[in-house]
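Taking it in order: structure first as structure tokens, then the write-up.
Labels run A, B, C, D, E and F following the written order; every chain starts at residue 1.
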Amino acid sequence: MATAFKTVEPLEYYRRFLKENCRPDGRELGEFRATTVNIGSITTADGSALVKLGNTTVICGVKAELAAPPVDSPNKGYIVPNVELPSLCSTRFRPGPPGEEAQAASQFIADVIENSQIIEKEDLCIANGKLAWVLYCDIICLDYDGNILDASTFALLTALKNVQLPAVTVNEETGLSEVNLKQKNPLIIRKHPVATSFAIFDDTLLIVDPTAEEEDLATGTVTIVTDEEGRLCSVHKPGGSPLTGAKLQDCITRAVTRHKEVKKLIDKVIKSIQPK
Amino acid sequence: MAALELLSDEGYRADGRRAAELRKVRARMGVFAQADGSAYIEQGNTKALAVVYGPHEMRGSRSKALHDRALVNCQYSMATFSTSERKRRPHGDRKSSEMTLHLKQTFEAAILTQLYPRSQIDIYVQILQADGGNYCACVNAATLAVIDAGIPMRDYVCASSAGFVEDTPLADLSYIEEASGGPQVALALLPTSEQIALLEMNSRLHEDHLEEVIEAASKACKAVHAVLDQVVRDHVQEVTALLGD
Amino acid sequence: MATAEEEEDGGGGGGCCLRPFSCEQGLLSRPDGSAAFIQGDTSVLAGLYGPGEVKGSKELPDQAALEVLLRPKVGLPAVTPRLGRGGGAQREQLIRRTCEAVLLGALHPRTAVTLVLQVLSDIGSLLSCCLNAACLGLLDAGLPLASLFCGVTCALRPDGRLLLDPTARQEQEARAVLTFAIDSADGKVLAATAKGSCSAEELQQCLAAAQRAAATIFRFYRDSLRRKYSKW
Amino acid sequence: MAPPARYCVPGERLCSTGEASAGSGTYTRHGFIFASLAGCLEKRNEESGLPVVSVVRDAESQLLPDVGAVVTCKVCSINSRFAKVHILYIGSTPLKSTFRGTIRREDIRATEKDKVEVYKSFRPGDIVLAKVISLGDAQSNYLLSTAENELGVVVARSEAGAQMVPISWCEMQCPRTHTKDFRKVARVQPEFLQT
Amino acid sequence: MASVVLSEAEKLYIVHGVQEDLRVDGRGCEDYRCAEVETDVVSNTSGSARAKLGHTDILVGVKAEMGTPKLEKPDEGYLEFFVDCSANATPEFEGRGGEELGTEIANTLYRIFSSESCVDLKSLCINPREHCWVLYVDVLLLECGGNLFDAISIAVKAALFNTRIPKVRVLEDEEGSKEIELSDDPYDCIRLNVDEVPCVVTLSKIGYRHVVDATLQEEACSLASLLISVTSKGALTCMKKVGKGSLDPESIFEMMETGKRVGKSLHTSLQKILDEEESLGTTRQKVGFLG
Amino acid sequence: MPLDHRRLRGPEESQPPEVWAAAAGAGGAAAAEEEEAAAAAAAEEARDPCALRPLFARAGLLSQAEGSAYVELGGGTKVLCAAWGPREAAAEPGGGAAAGGRLVCEFRRAPFAGRGPRAAAGREAEREAAAALREALEPAVRLARYPRARLAVSALLLQDGGSALAAAVSAAALALADAGVEMYDLAVGCALCRPPGAAAAWLLQPSEPEERRAAARLTVALLPSLNQVSGLLGGGQGGPPDSWAQALRLGLDGCHRLYPVLRQSLLRAARRRAAPSTA
């Protein structure tokens, strides 16, 4: 009859768990789900990463193409992130053009890239005013079980770390560019932004890394993105229950701790594939 | 375009017609077997097809049904190859939506819709080749199709366009005459009662000339009426001959 | 028409004060509630429809369904490729969720409330202006609210100084721009979003400044409402 | 314990129709019984005649409301002619997604049908037990009925928010405010008492 | 798609008839209905044709426009297909209702013409990487009486046969900039060789047999059909199963053989009509929709 | 093409680096291409045309979907499929006749799935594949059991290493079965291609380079227990019916050989599902 209670009165069901300081999946309020990352599994992409956060699965593939730099900043390249929430990942999404959540997530990722300076766009320029790299970062959610922003940010970062770009030179005489597909160089990753999301329950209780169910029942969410120096690359609280400044500070502190764990994981995974 | 002479000093138009002369009108009813009514018309090089379905039960949402009359539903579309430059979409663009609305208004005025409450009549017209007067050809074709479908109308609806060049009203404009940018009037007329079902004017025209132009257009409508009437009579005779004995 | 003149700082909001702001309520006749909010040279017009009939799939069994449409001055509402501006869907989501947090939607279950925000001019601090217009729109429509909210934008200059209600140029020059939605009950944060990076201390400073500014704005809300109802 | 369970996939031939009769999760073709589900094979011996083979999945088979099934639903909206509901359960199996149903005024109770008022029977938010009487035509959705003693409202909340207690077949009372509300109350069967 | 609703008895009647090689309209299983084909019906196109197969009525217009070659095929022109399922055929196609079927047919046409040898695309190139002819093949579905694909493929082939593309010359001046000059003579034009253009033969499985050129009623009795495109030499260029049902492997082999046989004779008779029309030249009385 | 306002857009125009590699030093690049072609041809000769690439299948791996499956082929093709059981169908326009349920299929290709330009295969190709998927699966599903309801399958191609549609058919059938949808049989997909050249033999389960060079291609879907062909889609350079018949036979044989792998993965998933309740 527990399932019946859960379907009929989901919020009440949840509150009973929270009273005991635990969650229905057995986690404590401040506990993250198991996080795994798999790098370079998509060989058709120039860089890729598959991130799992519990059940939530996100894949990011980076494809590099060449284009003329933007007119207003001829010494820069482009990073074009897009988050897709296909109907495959959850019944809540319909097939067709991206909905509000996907659009908002794309914008969030774009903001994180811009705010954190994860990559200097100047690094992507090959010939001033003539040729620059465009990095298309397509982030696709495969299994939607909450906390898509953390998973997407993580997938983006690890996929970018996996990118190998072919060497390009511009021939002075002909003005044509020459691509050497054999010689590949990694990207320079300047910063490592890591996102940490919280759900707010009944206006006061903060839980980390919410599942889809928890997100639906929560009265609000907050996402904090920090880099390795503890600077905030994004504070994103799209409405919902009000929080005091102190609570917000609490979130930031926890986000800084989380950053260290995630960074450790990234280093480990990168190292594990290095020897090849 | 300014260099093009629309009306020569001798009073001939670019395609050799006189000012009040119509292009050759040829028409046929009952082109398709599956539709309730259908017709095809050629006015010079403008060719249009019209089919009518209904009156039938409301399709789609029933909430659109009108309790005291039939809903007239139209769609105007142009074959992608009908114009000299290929069109990307047959319908759904702004121009077609406007035409669709015009057709709907025209035929709501002519069909005795109160005879079929809560039902729907579909009129679909298709321009196969466009050479000026698309709206008019569509109205004329649709009139024949409605008659073919056996739906009671107050009267025929006949449409024709008219322009005004060098102080002379021109009837039944062709594409180049339309494209010259001068004033043009599209008139849909119920010829016996001389009631106007729809009148639309583009560009500028001095008020003093309006009457002449409308006069020219309505004369043209009546001329079209004569042709359509003959087509209908021939068709009816043919059909009844088949039915009889 | 109500105006509040804060200590003016030549050209735009300088230091810890806001640009001159004003509002006008009930200026449209078709919507159930409307308000224009002008903040320096940035102005947003809000129109509110509802609670009204809801379209099938959007219906919520125990809540009013709120829809927020943010119409830019030109072009289509969209995620624009030029970063720093736009992000239509994300802003719509933020404004909607902020309104949902204060709107007592349970009092109007199975209805729809639509908030249309039309940007009239954008010379900086657009999001906060949208939030303010939204709140006044909700008020003008007479919808039951748990509390009020206001939006405050805060910029951090490269030299580390803090700047409230920046103009577009000041936003561009700034190292970071933070926007908060503050609720009137006890000055808590309803929404927050940031461009650029800053430290946690700086965030707290900005928040404190925003909370102080919010008090001014709430006073202004109160005054303009008093003026509105005293006319009757 | 029986021998290890046999699992099968759709299209797998299980036996001939002479050996057994086809149960759920199977179909017959050319005199043989085939599995139509991926799951565990079950062979049950019937008292009389052939054993029944069926393929079962654990409590999460894909169900659809069927005519005659008792369903648990939640009332979403009411008007003077009918109540609109969301079907949540079929029997005791939760549905993966809700289906919409309609309880017409004349199907609310068995007697004095013309005196029934929808608002005196259901309110939005009520949990109702009902029986499927038709799949509906092209326009309408599932038609349900509560015209039996065991069918009707099982859970309802008063305006004060408390869960109300049935006091007769047509009334419920709020334990907090003691106000009475009209409902078409179901005579609750023991297995539903736990909630 | 426009469809008819048949009762079980009606279906049985048709199925039993097919079993006896006698169809409702008196045809045998491998007989086509009487087809009418007329070319050059829309004068402002590069080529056009109308095909009528029973009640199925198709109008095809081909327009040649100048475009840039595709990146991967810099020395070839290309064909673009568009199918407009007009509301003329059935009210269901109103608005965007016909779009799905339209794209499906267009996709099938792309597939049929995917073979390099169908049309000599190299002849459509004006100068490599820069200019080529793009042939927009626009299909207009006017009435739908079953067997759409076959009728469309016949109309497309006839329209391509009728297509005349103006000859152009590329003039290059000293600085290397190129100019394109259109021939003044309207009779100075390129014709396409349509010998290799395939026709579609759709074989519908009804009961244990299959029929060609099914009517709407017969299509309602058929769960699955096999669409085969055949060239005049009897080579298969495309195969596709359509419909909700499945097919026995053995019957597919049979269908392929039948398709080849029927397709070859279809090509012969089509070519005969086209040649006859051609020989009449300008003296031909155009009938169009007035006949 | 309507402008996409809902996605972030990059520059108006961009090319994959491969194009520039070709444009640079024309001789070198062309030579490289020829080299590649030669290598491919050599590989073909070395390749056993009847050889199947190793197939990895796993069912029931997504948490949100009711049924799911992942299929990976040796050459790098990766397809993920999710399926949902009967849901309320939106009122079908004028569709009173639909007594059974409807099967709705979606096929998406990740932007990074292919070599070469990012947006090479557009919406049209996706739609055609979705339609082919539906045709191949419909005969396998007992739609009559789900009156007035809608079953949904969506496939996502993560990496295209050749034979993508065939892999999607197999994955989609597994996902449906995993969702507990009643089916007559599984559907198994298999692809073939014929390299250019008059006497070339059909190759089973081609890789992406083989597919790119191929003169003709064919995808077959089979219901293995019923021995019925549920899907057939192919085209290219004309050939006599015999050649196509041979391809079909080879393809069907391939399907029969793939079937046990798929069946095993489904059995494993069924056991996994059962395990928690018995334990």
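The working rule: a contact is a pair of C-beta atoms (placed from the backbone, for glycine too) under 8 Å apart; a residue touches a chain by one contact, two chains touch by 3 or more.
What you see is a predicted model; the values in this text were computed from it and never measured.
Novice: With contacts defined as at the top, give the pair, C-D or B-E, that has more of them.
Specialist: Contact tally favours B-E.
Novice: So, comparing C-alpha centroids, which chain is the farthest one from subunit A?
Specialist: Relative to subunit A, the chain whose C-alpha centre sits farthest away is B.
Novice: Can you name the chain whose C-alpha mean lies closest to the mean of all the C-alpha atoms?
Specialist: F
Novice: Going by the average position of its CA atoms, which chain sits the greatest distance from subunit E?
Specialist: Result for the farthest chain: C.
Novice: How big is the gap, in whole Å, between where the Cα atoms of subunit B centre and where those of subunit C centre?
Specialist: Measuring from centre to centre gives 53 Å for this pair.
Novice: Round to the nearest whole Å and give the separation of the Cα centres of subunit A and subunit B.
Specialist: 59
Novice: Counting only Cα atoms for the centres, state how far subunit E is from subunit F in Å.
Specialist: 27
Novice: Of all residues in subunit D, which are in touch with two or more distinct other chains?
Specialist: In subunit D, 74, 97, 139 touch at least two other chains.
Novice: Would you pick out the residues of subunit C that each touch at least 2 other chains?
Specialist: Within subunit C, the residues that touch at least two other chains are 79, 81, 89.
Novice: So in the complex, which bits of subunit A are touching subunit F?
Specialist: It is residues 41-45, 48, 55, 57, 59, 61-68, 70, 78, 80-82, 86-91, 95, 97-98, 102-103, 106-107, 110, 134, 136, 138, 140, 142-145, 166, 168, 171, 176-181, 212 of subunit A that touch subunit F.
Novice: Show me the residue ranges of subunit F that touch subunit E in the complex, using the header's touch definition.
Specialist: The contact residues of subunit F facing subunit E are 19, 93-94, 97, 124, 127-128, 131, 135, 138-140, 215-216, 218, 223, 226-241, 243-245, 248-249, 252.
Novice: Okay, in this complex, where on subunit B does subunit E touch?
Specialist: Contacts found on subunit B: 26, 28, 31-35, 38, 40, 42, 45, 47, 49, 51, 53, 59, 73, 75, 77, 79-84, 86, 90-92, 122, 124, 126, 128-129, 131.
Novice: Looking at the complex, which residues from subunit D come into contact with subunit A?
Specialist: On the subunit D side, the touching residues are 74, 88-89, 92, 94, 97, 127, 155, 194-195.
Novice: Quick one: which bits of subunit E touch subunit F in the complex? Just the residue numbers, please.
Specialist: That would be residues 3, 5, 71, 92, 97, 103-104, 106-107, 110-112, 114-117, 196, 198, 224, 226, 229, 231, 233-249, 252-253, 256-257, 259-260 of subunit E.
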